[in-house]
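Below is one structure, written out as structure tokens; comments come after it.
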Amino acid sequence: TNNFFLMAGPCVVESESNVLRIAETVAKITDKFKIPYIFKASYRKANRSRIDSFSGIGDEKALKILGEVKKKFGLPIVTDIHSAPEAEMAAEYVDVLQIPAFLCRQTDLLVAAAKTGKFVNIKKGQFVSPDSMRFAAQKVVDSGNNNVILTDRGTMFGYHDLIVDFRAIPIMKSFGFPVVVDVTHSLQQPNQTSGVTGGRPEMIETIARAAIATGVDGLFMETHFNPAEALSDGANMLNLNHLEGLLERLVKIREVVKAF
Amino acid sequence: TNNFFLMAGPCVVESESNVLRIAETVAKITDKFKIPYIFKASYRKANRSRIDSFSGIGDEKALKILGEVKKKFGLPIVTDIHSAPEAEMAAEYVDVLQIPAFLCRQTDLLVAAAKTGKFVNIKKGQFVSPDSMRFAAQKVVDSGNNNVILTDRGTMFGYHDLIVDFRAIPIMKSFGFPVVVDVTHSLQQPNQTSGVTGGRPEMIETIARAAIATGVDGLFMETHFNPAEALSDGANMLNLNHLEGLLERLVKIREVVKAF
Amino acid sequence: TNNFFLMAGPCVVESESNVLRIAETVAKITDKFKIPYIFKASYRKANRSRIDSFSGIGDEKALKILGEVKKKFGLPIVTDIHSAPEAEMAAEYVDVLQIPAFLCRQTDLLVAAAKTGKFVNIKKGQFVSPDSMRFAAQKVVDSGNNNVILTDRGTMFGYHDLIVDFRAIPIMKSFGFPVVVDVTHSLQQPNQTSGVTGGRPEMIETIARAAIATGVDGLFMETHFNPAEALSDGANMLNLNHLEGLLERLVKIREVVKAF
Amino acid sequence: TNNFFLMAGPCVVESESNVLRIAETVAKITDKFKIPYIFKASYRKANRSRIDSFSGIGDEKALKILGEVKKKFGLPIVTDIHSAPEAEMAAEYVDVLQIPAFLCRQTDLLVAAAKTGKFVNIKKGQFVSPDSMRFAAQKVVDSGNNNVILTDRGTMFGYHDLIVDFRAIPIMKSFGFPVVVDVTHSLQQPNQTSGVTGGRPEMIETIARAAIATGVDGLFMETHFNPAEALSDGANMLNLNHLEGLLERLVKIREVVKAF
């Protein structure tokens, strides 16, 4: 397929039923559009703003639910890891190990992820230039693994806002790896007084259209049947009811762009 | 036509032959794609970094050349003004008065432009939020003129760089006026040690594609047969030889987006 | 005197009584500390966010009140101008012509101010690097006037915030002109949804102390007996009741620094 | 003592002789000024730009050298940790565990550091607002440890520059913990094309003076006899030959400020 791929799912594994229901729904929609789909959920959130924020249901329990999604729907899985020892543990269940943006310069973590042989999806730090992501990718390559994916999730713009710099797309594509835009986290509004990160989900389609038009290979997004009730990052998720219409429009832009 | 419109030309009126040649060439290309074309050139540059930078061939001489373009090719003309008294003078020759980004909050200038009854194209200051452009537009409307155009030309990102924030497109469109992205100035690299503004023209297509995909009504760009020899802003202009291919691709994205 | 100088007053000339009362009060306090004092007020505000914001009581009327301050208290006066023709008009009444930050690259304005022979206080644009201010200063010098003052009033940091970059102080001092920090405007919070600029006056002392410690030659501030009732910029002014205590502390830091 | 304290040393433990020599020299200078001195060096660098950058001589070997400094000169020691298991290991040798800026939101790391009972020095992420540091501190406090120190090391300003926002000092002091400014890392110039972080050491005194004047409790700096030969961060270190003169001036500003 010439289509873009999609990494999507809830932010964090909240429960088995919730995860299976989201995976099944997104899989049906992406099948319709022939969009390769990689299911995404975190088994733990390691960097919430506040210590009392929900951080997960237990690593092993959550990873097994991800394994269940893989088995039941035949979907590849992506999840994020936060320390070197987690790489091997998570690699048993998933196909893509994701390096969180804040950790994209942690050499030990990149090397540990690389050594599993899995794909390594490195999120661009909010403080890192697109050019500098070449050095993050190189740490994985130098560890003997060429399966790198680079994901832009927005760049710091003042304390309370992120901007997506679309010049990053051709720059990062020039390194030779697939490039993704994370259309939900890039709309976060960080450093809120409440200690709860805000968001601007009404802008998801704007960012997604620009990403497809500028030639990304994939999109990343968090989605939920009821973002208001999500246990993490609810403020910037896509309501799952809007996914089908959004993808339909994006696929049409992709067809045009791919023919250039 | 359902197509986007184009404001394009050299940065500044350098000579009659140069202006006529660019106008004729761009008009032929835009005709082919049924793109409404508004010829752009400044009759004077008022805010060059250095006092010894080229600033023009004389206001009246330059304005008459713009009038010549209008007569000869039947093109509407846009030019920028820098003080209130210039509004009336320029309005005799042109169809759209443009307010430079640094001056977008100068009430006297906006009011003077508004009172001519011409279209007023307000460039978003590099320091102004998309939301705040509603107040700039309102100054024109309150002066009895609803013919406002809003143009994004990038937002300050550190001392030496600009970013285009594409969230600005739906925000500014919500005010009810046509929205434009200036795909060449938004790639400027300001505050260079030399006192000569730099640029990244290789990114023009990236910005232009994202702009069309996110729904702008028009594009703005500076173009020249030989940017390296242009007397102003050469570092970020589009080489005219690349215009046709670029527009061909953009029109295809536009067709898809317009059908949504 | 080895002391720093102070440019201070209300934002705009609101009325004669208000202006005289502020001038007299500040003059008494600065006399006590042997701080050279330059009275500051605008005769017009040309770039308010909204067209319905208060912009002045009339240029001539306001300038005459400034002349009155000069005569009555023997104070030098600084005021800002917004277009070239204003330079000569204002120069009749004042000692320092101030170039607003948004206009710091407008060559005509700088040249017109320079040609009056008065001191020209150029505010650093929120989008301009300290290094680039050398070119703004040079436009005045090239017009035959070496009496340049450079004032930092904060640098854009996201849409809604400004930061003072104190590296600017040694950089701009290296050009050979007096350097000032504007401790009230640099605390503005621009681009508010209301169209009214916000501020953080509780931070004035922090910025002022850092400015003195890093070697500025002067401070600029707006002050009012009742900032909440000021007709412009009330959100970031210093309450006049706090001025004496603040200056007392700053003078002590100055003494130490000046002895280095 | 009413003086500020100093955390200083080479970036990373390069060799025993180098470490001992720096510690002895700085201790002599700080003794003279009655500045409480905490020796700083990393036993490993975990987030260098490139995988081939020098990252250390071996954790245990380096920690033992730090223990040697403590024993020989009676100095408290600060070092940074990068993953939860390191907390206990490092706590055997040092008095202050430092959380790197990129990792300041990693809950596991903060909790592990807190549980050692040692002081925890949290560096403000370049992407974190001063206000949000309250949540990082709270994670330590909620783990039963009130010995928190907060250190500002600059805030992202475009891809290639950092700014110190001195409003952070009163904001972070209001949380009730000692506040430090890191005067060398805050002058880094990140994301250089070479993959080697740059710096502006000529600005160290400017930042340090502003920090003392605005009321910090301590300063942090990296220093070396020959920064050009340092194996990490050489571009922004203070040359040790300049330390005595710098501290002499800072102590004088401190005396004035402390008396307010």
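By letter and in written order, the chains are A, B, C and D; residue numbering begins at 1 in each of them.
The rule is short, and it goes like this: a contact is a pair of C-beta atoms (placed from the backbone, for glycine too) under 8 Å apart; a residue touches a chain by one contact, two chains touch by 3 or more.
Since the model is a prediction, treat every value here as computed from it, not as a measurement.
Judged by shared residue numbers over all numbers used at their interface, subunit A and subunit B contact each other through mostly the same positions, with over half in common. By count of C-beta pairs in contact, B-C exceeds the other of the chain pairs B-C and C-D. With every chain reduced to the mean of its CA atoms, the largest distance from subunit D is reached by B. Per-chain Cα centroids separate subunit B from subunit D by 48 Å. Between subunit C and subunit D, the centres computed from C-alpha atoms are 36 Å apart. Rounded to whole angstrom, the centroid-to-centroid distance between subunit B and subunit C, based on C-alpha atoms, equals 33 Å.
The set of subunit A residues touching two or more other chains comprises 155, 157, 159-160. Considering their complex, residues 157-161 of subunit C touch subunit A. Residues 155, 157, 163-167, 169-170, 200, 202-203, 206-207, 209-210, 212-215, 249, 252-253, 255-257, 259-260 of subunit B are the ones touching subunit A in the complex. Across the interface of their complex, subunit D is touched by residues 46-52, 55, 82-84, 102-103, 105-108, 111, 125-129, 131-132, 134-135, 138-139, 142-143, 155-156, 159-160, 190-191, 193, 195 of subunit A.
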